[in-house]
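Dropping a structure here in structure tokens format, bear with me for questions.
Chain nomenclature is as follows: A, B and C, assigned in order of appearance, with residue numbering initiated at 1 for each chain independently.
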Amino acid sequence: MNSEFLQALIEAVVLTARSPVTPEAVSMATDREIGEREIEEAIAALAASWEEAERGVRLEKAAGGWRCVTPAQFDHYLRTFHGIASRQKLSQAALEVLAIVAHRQPVTLPEINFIRGANSAAVARTLLDRKLIRLAGRKKVVGKPFLYRTTKEFLLHFGLEKAEDLPDPEDLVEAEVIADA
Amino acid sequence: MKNGAISGRVAAGSLHGFRAGPVILLGVEVNPDLADFIPLGPSVELPFFCGPLDLLLHLIRKNEVSIYDIPILSICDQYHEHVRTMQELDLEVAGEFLWMAAWLLQLKSKMLLPRTETEEGDPREELVERLLAYRRVKELASILHDKDLVRQCIWPAGIIADLDDEDVELDWEEVDLRLLAETYLYVMQRFAAAHPPPIQVIPLRYSVQDKMREIYQRITEDDLVPLTRHLNRRANPEEVVVLIVATLELVRLGAARAEQRLPFAEIYLRRGRRTLDEASFEPPEREDADEF
Amino acid sequence: MNSEFLQALIEAVVLTARSPVTPEAVSMATDREIGEREIEEAIAALAASWEEAERGVRLEKAAGGWRCVTPAQFDHYLRTFHGIASRQKLSQAALEVLAIVAHRQPVTLPEINFIRGANSAAVARTLLDRKLIRLAGRKKVVGKPFLYRTTKEFLLHFGLEKAEDLPDPEDLVEAEVIADA
């Protein structure tokens, strides 16, 4: 294994690792073909070369190993980028509220809160903003809470004509029914 | 020459691209480590076909005949021979293989009949069309297979930005009906786990002692009690359970004998060697009774 | 912003992104200071320079954006490092169903069954579980069967920008017919 290949290997390892990488673990990945000392040196050389050039990542020693971090000067841009990216995303909480509204509509916020065991007001607002759920009158009980239903946009996304076309969740998760349908 | 190059690759047997890999017996994928231990009788190894069209294409290729002019008579016989072997090997033959066998038989009989003027077209036409469509699928599947092998060796790289909040986020594009349904079921299961139904205390309606007394009296009076017939009159499972326990208890005490002549035959209860007095039917005193 | 800084910024973005990065999103992260075209060019230049040198990662275009992946030659070491014994290969039946969905989407299970001449319900379920296909509404015919489409995961796994980039099987077979004749 030449030193270029080793450096590339280390790069692949540190960029796919989820926690700090120790020279020992890399050595074991090469079946001990390369010793820990040699790997430690290669990592240090790699860290130094990344430090010199203008790079989007650097290697830092932390918690007994090495890990990749982004230099601080990119923070502003990264924050903006991830903010934009998250606009096309749905949190698990939002998906849960949407699933409850879809399968139990019309349903009130207190009912959603009760089922989820968590306050869902902020999530419901996000879903309202994204036009995935809508207000559909008030329930005639004490406090007259608003009722929620799914929207046209919701149906469009799931390729449905009307909310009644939503399949029974139990059935959908069973293979046989997918086959029969 | 572009076409020639592509056809060369196709003709070179990319349709057989799947055949390598684990030992595959007809219709059953066998773990290579276990293959040696599976008793198969005479060693018969058949290629794996993932459907009747797959098998038909194989036969056409093996016989080196044109897909547009299939010799139905001989292909039909070979197909049936193959399905018979599958059955002899005790392999589960999926219904679709038998359905194709029936279709081929029908085509064979049509081919044997003299063609009439009124009849339009070749009876094989539909089969040819389906084989062609399926061959295209296999071709594309073969390309995906090769890609799959290479792509499996690729790892997505990425580091976690410190500024990210760790909330799991889903790509809205990827949210489909199934994920929505799965999420709903997950939420409802979580709800059910957090709100277990209140435990209902149902008073026992039948006591073993009462039943012991009842059976004992019947044995004493009739001397012969058919147990199953006696049980069958009781629809309530709770009562049936108590009756069986009571019967076993009587047999244990020697106050009754149970007889069965043949397996699954009626069980008869007779008088036992012991005579019981009324006190024997009182519930036994429990040492810890005070604690409750 | 000089070009070195831009390249480093792009590196930081693609290495922290969880899904393919579009030049548009990077441009938005710079408050449109840098145009999409310039960013596309910078990404392409970065991808080319990583390709040339022996590197542990490369940039590839897939599912409408750019993402960072490791070259295949490191697979063995990475699997040892991450402790993953082997991966499940897709079965022939699964590949056939994928091929049909990729080529004819949106498509229903009865249609898939007809083309394959075999029941594909169990296979479709496996592919749903592996997130290679997804449900995309219902077809407006009797029985309202579900429609299937390939996913972003499918594009990423096979390294495609879009499903249409797969070769047209018609062309392949026509070529063979010409060769036969």
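Note that in this section a contact is a pair of C-beta atoms (placed from the backbone, for glycine too) under 8 Å apart; a residue touches a chain by one contact, two chains touch by 3 or more.
It should be emphasised that the depicted structure is a prediction, and the values quoted were computed from it without experimental measurement.
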item	value
Chain whose Cα centroid lies at the greatest distance from that of chain C	B
A-B or B-C - the one linked by more C-beta pairs in contact	B-C
Intercentroid distance (Cα basis), chain C paired with chain A, Å	18
Chain B and chain C, separation of their C-alpha mean positions in angstrom	33
Centre-of-Cα separation between chain B and chain A, whole angstrom	36
Residue list for chain C, restricted to those that touch at least two other chains	15-19, 56-57, 68, 70-71, 74, 78, 119, 128, 135-137, 146
For chain B, residues that touch 2 or more chains besides their own	155-161, 164, 169, 171, 173, 176-178
Chain B-touching residues of chain C, taken from the complex the two chains share	15-19, 56-57, 67-75, 78, 87, 89-93, 95-96, 98-100, 102-103, 115-119, 128, 131, 134-137, 146, 151-153, 156-159, 166-167, 169-176, 178-180
Interface residues, chain A side, partner chain C - complex	4-5, 7-17, 25-26, 28-31, 54-57, 68, 70-71, 74, 77-78, 80-82, 84-85, 158-161, 165, 167, 172, 175-176, 178-179, 181
Contact footprint of chain A on chain B as seen in their complex	155-164, 167-173, 175-188, 190-191, 194
Residue numbers on chain B that touch chain C, as the complex places them	3-4, 6-8, 10-11, 18, 21, 29, 48, 50-54, 66, 94-96, 100, 130, 132-145, 147-161, 164, 169, 171, 173-174, 176-178
